[in-house]
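Note that subunit A is present in both complexes that follow, paired respectively with subunit B and with subunit C.
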Partner chain A sequence: MAAAMASRGDRNHIKNAQFAVLTAQTVFSTGFLAVGGLFATISESGAWLGTLLGALGGLAVAGLCSLVVQMHPGKNLSGIADAVLPKAISKLVSLSYAAYCVWLLAAGTRQFILAIWIPFLQTASPLTLAILVAAVTLYGANLGIEAIARASIVFFPVVVLSILVLAGLSVPVAAPGRLLPAVGVGVPELLRTSLLASSFGAECIVMMAFVAHTNEPEGVGRAVAWGVLVGMVMMAAVVAIDTVVLGSRAVTRVIFPVLEVAKLVGFGEFLERSEVLLLSVWFCAALLKQATVFHASARSIADTLGLKNPKLALVPLGASLVVASLYPTTVVAVLEWVRAFLRYTIWYALGLPLTLLVASMLRRPERAHQGEGRSR
Partner chain B sequence: MAGRGGPGGSGRSPSQDETPLRRIPLALDDVEAELKADFGDSNSDVVMRRVDLWTAPEVHGLLFYIEGLVDRATINSVGLKPLMHGERCPAVDPIPARGDVLADILISHLVPSGQISAVDDFNKVIEKVLTGEAAIFIEGCPKAVVFEAKGWEHRGVDEPSTEKTLRGPREGFTEVLRVNTALVRRRLKTPHLRFDGTTVGVRSKTDMVVVYIKGITDPELVEQVKQRIACINVDIVGDSGIIEEFIEDRPDSPFPQLQYTERPDRFCAGLSEGLVGVLVDSSPFALMAPANLASFFQSAEDYYDRYPFAGPLRALRYVAGALALVFPALYVGVATYHQEMLPTSLALAIAGSHLPVPFPTLVEALLMELALELIRESAVRMPDPVGQTMGFVGALLLGDAAVAAGLVSPIMVIVVAVTGLASFTIPHYSVGLAVRLLRFGLLLLAAGMGLFGLAAGVVVIVLHLSALTSLGVPYLQPMLHSQDIFKDILWRSPMFTHRYRPSFARPVDRIRQGRSSREWASQRQPEDWGRDGGGDGESR
Partner chain C sequence: MRGALTRALLALSLLALCVMLPGCGGAAEIEDIGFVLAMGVDRHEESGIKLWLQMALPSSGPEGQAQQESLPFITTGETLYQALMKAQAQSSRRIMLGHVRVVVIGERLAREGIAALLDPLVRDGSFRYRSWVVVTPDPVGEVMQVSLGGQVAANYINDLMEREAPTAGVPSSRFIDLLLAVEERGMEALLARLALAEQEDDGGGAPQAGGGPGPADTMLGGSGEGVGGEAETGGEAPAPRIPVVDGAAVFKGDRMVGWIDRRLSAAVLMLKNAIQGYTFTHELAGEGQNRAVFSLLSTNARFSIPRESLTDPARIRGSTVRVNVAGLVRLRELISSEQYLTLESLERLSADLSARVERDIRDLLHTAQAEFRSDVIGLGERFRQRMSHSKWAQVQGEWDEVFSTLNIEVTANIEIRKRGQTMRSPGQDTAI
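Our next item is the complex of A and B:
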């Protein structure tokens, strides 16, 4: 009765369309800032194609996650791990997942802080910015995934629109020939680029923490796949815009090429420089992504430590996010950090659902056998 | 009493429910003594009128009522006249001079009142008399005859002062519950309209009704409202605003979670969409639930004006709402941190106008915003003509004097004036209040971290709105449904396209109108093509 009086909606349950938007936002919203420079260093004019091909890696992770989820309907990552793995290994899986999320959080926050601080807010302290990001992230995570999903529905279309506007405004200064040759310096480099890019697509693994929160469990896999596809196509579009406006060489010389592109385009006489406005819009989506990842990591830590209330993990995690997002202190080190993240996380993102899938398949005959035994 | 079904006496405190039956004394002297013990000797409005009933032999009676709560004419014609100048009644002739049967005879044959009953609990009698009824005690009778005699002074049906429209009905709710229920009944002539009554307030015993249309409104929603009202255990309920605070999901949120209206037409429209209404005696504001953000940007006039105008006006209100929320913060952020965004001439103009001002832009903005709030608040408290004059004069003088004194720049005056105008376009005062409050927070964030602080603030507000619910229904729900957004949310499409009721209240019956409302338009013959102008009257 009390529950009925308090609420009649499906609290903490989200639709698959919202799930797809959350996934796309998670995949796209922080990595796109520096991605042009990182990939153009490897495959020059082929960076955009490499990024697009990277979607395949993300889709592979989404597919594996979908298979695992179908075998364990109504369970989140920790629940699935608990069901198919020995307890100690299950805890280790949850902990590693939390570590992955924290790394993702710190890398994303650090990138955004630098993107805001260096060109626009040198008078403010990075610590203040880190506190601001952590506070908003913590607030969002505290409200729950349903609130984040609804807010994402408001902001993500604006981000998509902003990329379209950027593309439209870039037309007068763009040289489409800069995208050729499409394979860049060679196929091996292109494949390397796509492997690194797939790490962004693989960020969809964050959604494993919320699969039990959807209203339509049967379509979760498709929703995640769509999210990965949209996110990676947008990222490839950003790399392509960077390349056609700046050229593949110039892209490698700047930290955040997309901001340089935004500096070169404007809304005519009314707004001479649009990069602050665009970065503010992207910042909104980034905050929501951070809140999503923060919520996932808090959940995972709570599961690992056996906390009944996941909110207990929020404050210490928020404090550690503030500290982690202040390091490394130099831009070069940050980019190295991002490179390391891209190099390794795809393997983790592939390995985690694969492990769970194999374990589930191994446990299935065992369970069937136990079931038969009981029926007798 | 008719119309007092309700949720089983809900709204009473537990202590009231447990009160044992207090019997009515048989001797009138004892009745009078008990009444005096309860009310005291000095209450000049408490009337205890001794009468002798015209039976043979005479039986003594006591008419008890509160002066001011009853209509004197009703007391005289319905109460005193039948008791003192009774006519012959063939069915019960001769009338027995026994108190114990007289009560039933008075009810069935003599007292001409539509709402009349025999009550055997002394406390109940007092309770009813305090709500404007009159009681007749009879010597030797263990029951009192209680009849409807309400008739206090009240404001007539007038134009709503907070929801004025150029087109549409001019009637507004009043402070009298029964007038308000009649205003609703007059517009919704369906037997399925329900007024489930209850009383709230241990001492005020305020009458209120939960209103809904059976067959349209989700019964779960109605039950939820009734349960929340039943939990209220408060001394006095002076207005529906007090009820609102008790039954809303998140009282700590700046955003209202229940709609309120002074307009019966708007109230009825809400009921027909499957909302639950609450009318409270002594309040001209009716509550409606569930609410959502979009409902606070809708005005009754949207539906009375033709849609080519109503749609853009609705959209303008959203733009104005956004401006009212972020414009000063946007200005402070851009002027302080992101001057490069602006065309050089504008940036120079802003810098030049700010040159004589000794304060940073934030302080300047805070000063002007504070002045605006002072003017607004003082204008509200003044009598109407004085308030309007004060608003204009205050704004003109203060703005002009502040610029002349070099305390604020002319551009800041423009920014604050535009913000003030924009906030007046929000049809609901309570949302305007939320916007005014949040504007200060955004100002501080923009002053600290430019557009990024502003963006973070907006994200927090949207997250808060996303988590907010009204009776469990998500606050942003209709705004996130792409198929409804241009039907009746951001825009108002033609009325004949509103085939379905809005889904957010989960109405039982979703179909609002048939497909055939404009069937004649589809039945035009091909030869009618090009004759939309009426053919110069040739059809005549």
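Our next item is the complex of A and C:
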């Protein structure tokens, strides 16, 4: 794998600023659609604060990843696992990581397809949408992480701008008092919300597949942390906008609150029906996120199966993405799926780098004793 | 570099295809879509719901001409959706609710409850929450038939609500406002009252629109002997009645409980800091018919809720809430020998206006608390924001009853901020 990477030379090297943008995009770009309703169900007016506190979980994951990467400069997740764990367990780690990425990929794709399909393209076939999304995702992943990073550095600031525009347009119909009481239903519910929200921040673990691609390895940890922070602050801002416009109870009724807000706001009759424009921008960022996660999945599967060229995994993975993104078939089931993802994946995202960190620390005296390091 | 550009172009093309391709299979010509501009809903004796739709007829002519053409549909059904399906069966066009500008609800249906109307509308992906929702005491069918200056009812009412409602002290009354009031605890809905009034003629007199309260200090001109609705005409062609926004319908939950006139409706907006240029005539003290017209530019209502009420829900009942309303007005017209050119006279006028605002708000609170027992001023929402959730949960279910026991003390401080481009009226020789 490392040889394949090396053969591509500098082509797939990215700067830390791009790394931070990729991280923020991964954290933010699909979850924000339904997050307002999901979290307001738990803590009502405190949903925004819970989401903001959820950044702490993401930062914890980012911190652990940073420590691991510093101990193994120039290596990706699979390389680190191979270096510090027995082979069978290393394969298991790569496989579990691929499974995490595929789950993330399928959940994100399904959510976005529903977000387009339900309000805008009711007569279109979801299969067509799934195939198109998979095709673009596959194409993006095939271009490599550098191409994705370059496109992201263009699109993600537009996404940030779109959220700022949404916030600005919301002012005439917003009631900031709806964010009070800040703790919402209560402190336990707020903590539960932040724990669930931290699963979004923990998606930064996807970037472990690309740490070897950065040309400034010493600043990778900081880049990931900034990415998590920006992504989670944006997500909290979206939840706050949803709440001040739709109300803390009414927001729980809507499937994709941010789309409802986009439909509602406008600038007189000049910027009415701007939601399609906003959705197009968000759709582009979501596709770039999906391509990033897809690329990470393909690399992980290639590592697990011992494929020399990770591109061999792209087509079967793309086909499985089409199938996976058609299920579950109902919105209720999709949201339940997303809830399950939020409930469990934070523990995986914390556990994986922690395991590698502990294994690295246990291995360090051994390697020092042997006077050599394994490299891959 | 060229390769990167090609890739970027390819990626962008694919992105564009993603957005465009899914629509190819289900393309619909504009002539095949029935763009509903206005919906009217009222109670029907036999079926339950009577529905009026005003559908736009898109044409290739000039925009102005296209606006004038519309197709009416009248159907009935047990529910709103059933009525909509019947209208769909009668129409060769696919009904689309994405362009509904106004929903007119009949008083009778409003009094029976409108929750069932909301469900099919929020389920429809295209329906806009910015649509106006108004309640009328007049026959809904008559309101929907209004056509003035070539404008169909939907456009006319939309313009009326956009431009005239703020100066008439009428609430915002968009669909989202109704939805929020129905869903959130601690606030009740207040929807604009749309009535049909006779047009002015040389005879003078006051318009009497519908069955609701007459305007307390209306700026609308008088009416002559036009006939209304279903009244007899006595041979002459009836003068067409025009829709006017005047006052508001007060709700409790999803049921309308009564009307308030524009004076009280404006008082609600003052307490909600939502006033936007409400214009009123004020009788000035002194000899003769001295009067002035003011626009209330903005208000800032500050509520002081006793701390013990926030920490102990049992102590909310009967507690005293103080509210101070600071407002800025603009002088629009002055018919008086007193030109208010000294600070003392201005302070006197400000005090007079403040007393008037206090009186309006007290009248409103009396009506809301004693008559309707409905928290239209959203005081419960202020309590909710300042209380812990567990404490608020103890009172939210019976909030309207708790609200009616509150002792709300009002003070107002109105300042005359603008007086226009002249210091004194022409012909008045008062020196500055």
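Simple rule for what comes next: the second predicted complex is superposed on the first by the 358 of 376 C-alpha atoms of A that agree within 3 Å, B and C clash if a C-alpha of one lies under 4 Å from a C-alpha of the other, contacts with A are read in each partner's own complex, and residues count from 1 in each chain.
Here, a contact is a pair of C-beta atoms (placed from the backbone, for glycine too) under 8 Å apart; a residue touches a chain by one contact, two chains touch by 3 or more.
Values in this document were obtained by computation on a predicted structure and should not be read as measured data.
> Looking at A:Thr345 after the superposition, I want to know if it touches subunit B, subunit C, both of them or none. Which is it: first, second, both, neither?
Touch partners of A:Thr345: none, neither subunit B nor subunit C.
> Answer with first, second, both or neither: which of subunit B and subunit C does A:Ile153 touch in the superposed model?
In the superposition, A:Ile153 touches subunit B alone.
> When the two structures are overlaid on chain A, which partner does A:Glu260 contact: first (subunit B), second (subunit C), both, or neither?
Second partner only.
> Considering only the touch criterion stated at the top, classify A:Thr51 as touching first (subunit B), second (subunit C), both, or neither.
Neither: A:Thr51 stays clear of subunit B and subunit C.
> Going by the contact rule set out at the top, does A:Leu277 touch subunit B (first), subunit C (second), both, or neither?
A:Leu277 sits against subunit B, while subunit C stays out of touch.
> Return first, second, both or neither, reflecting whether A:Tyr139 touches subunit B, subunit C, both chains, or no partner chain.
A:Tyr139 contacts both subunit B and subunit C.
> Looking at the overlay, what does A:Arg249 touch: subunit B (first), subunit C (second), both, or neither?
After superposing on A, A:Arg249 lies in contact with subunit C but is clear of subunit B.
> A:Ser90 in the overlay: touching subunit B, subunit C, both, or neither? Say first, second, both or neither.
In the superposed model, A:Ser90 contacts neither subunit B nor subunit C.
> Taking the superposition as given, does A:Phe120 touch the first partner, subunit B, the second, subunit C, both, or neither?
Both: A:Phe120 reaches subunit B and subunit C.
> In the superposed arrangement, what residues of subunit A touch both subunit B and subunit C?
Looking at subunit A, the two contact sets intersect at 116, 120-121, 123-124, 128-129, 132-133, 136, 139-140, 143, 147, 150-151, 272, 280, 283-284, 287.
> What does subunit C use to touch subunit A in their complex?
Those residues of subunit C that touch subunit A are 4, 7-8, 10-11, 14-15, 17-19, 21-23, 25-26, 122, 125-126, 128-130, 176, 179-180, 183-185, 381-382, 384-390.
> Note which residues of subunit A are touching subunit C in the complex, please.
Going through subunit A, the ones touching subunit C are 44-45, 116, 118-125, 128-129, 132-133, 135-136, 139-140, 143, 147, 150-151, 173, 177-178, 180-181, 183-186, 246-250, 253, 260, 263-264, 266, 272, 280, 283-284, 287.
> How about subunit A: which of its residues touch subunit B in the complex?
Result: residues 1, 4-9, 11, 116, 120-121, 123-124, 128-129, 132-133, 136, 139-140, 143-144, 146-151, 153-155, 269-274, 276-277, 279-281, 283-284, 287-288, 291 of subunit A touch subunit B.
> Quick one: which bits of subunit B touch subunit A in the complex? Just the residue numbers, please.
220-221, 223-224, 227-228, 249, 337-338, 340-344, 448-456, 458-460, 462-467, 469, 471-474, 476, 480
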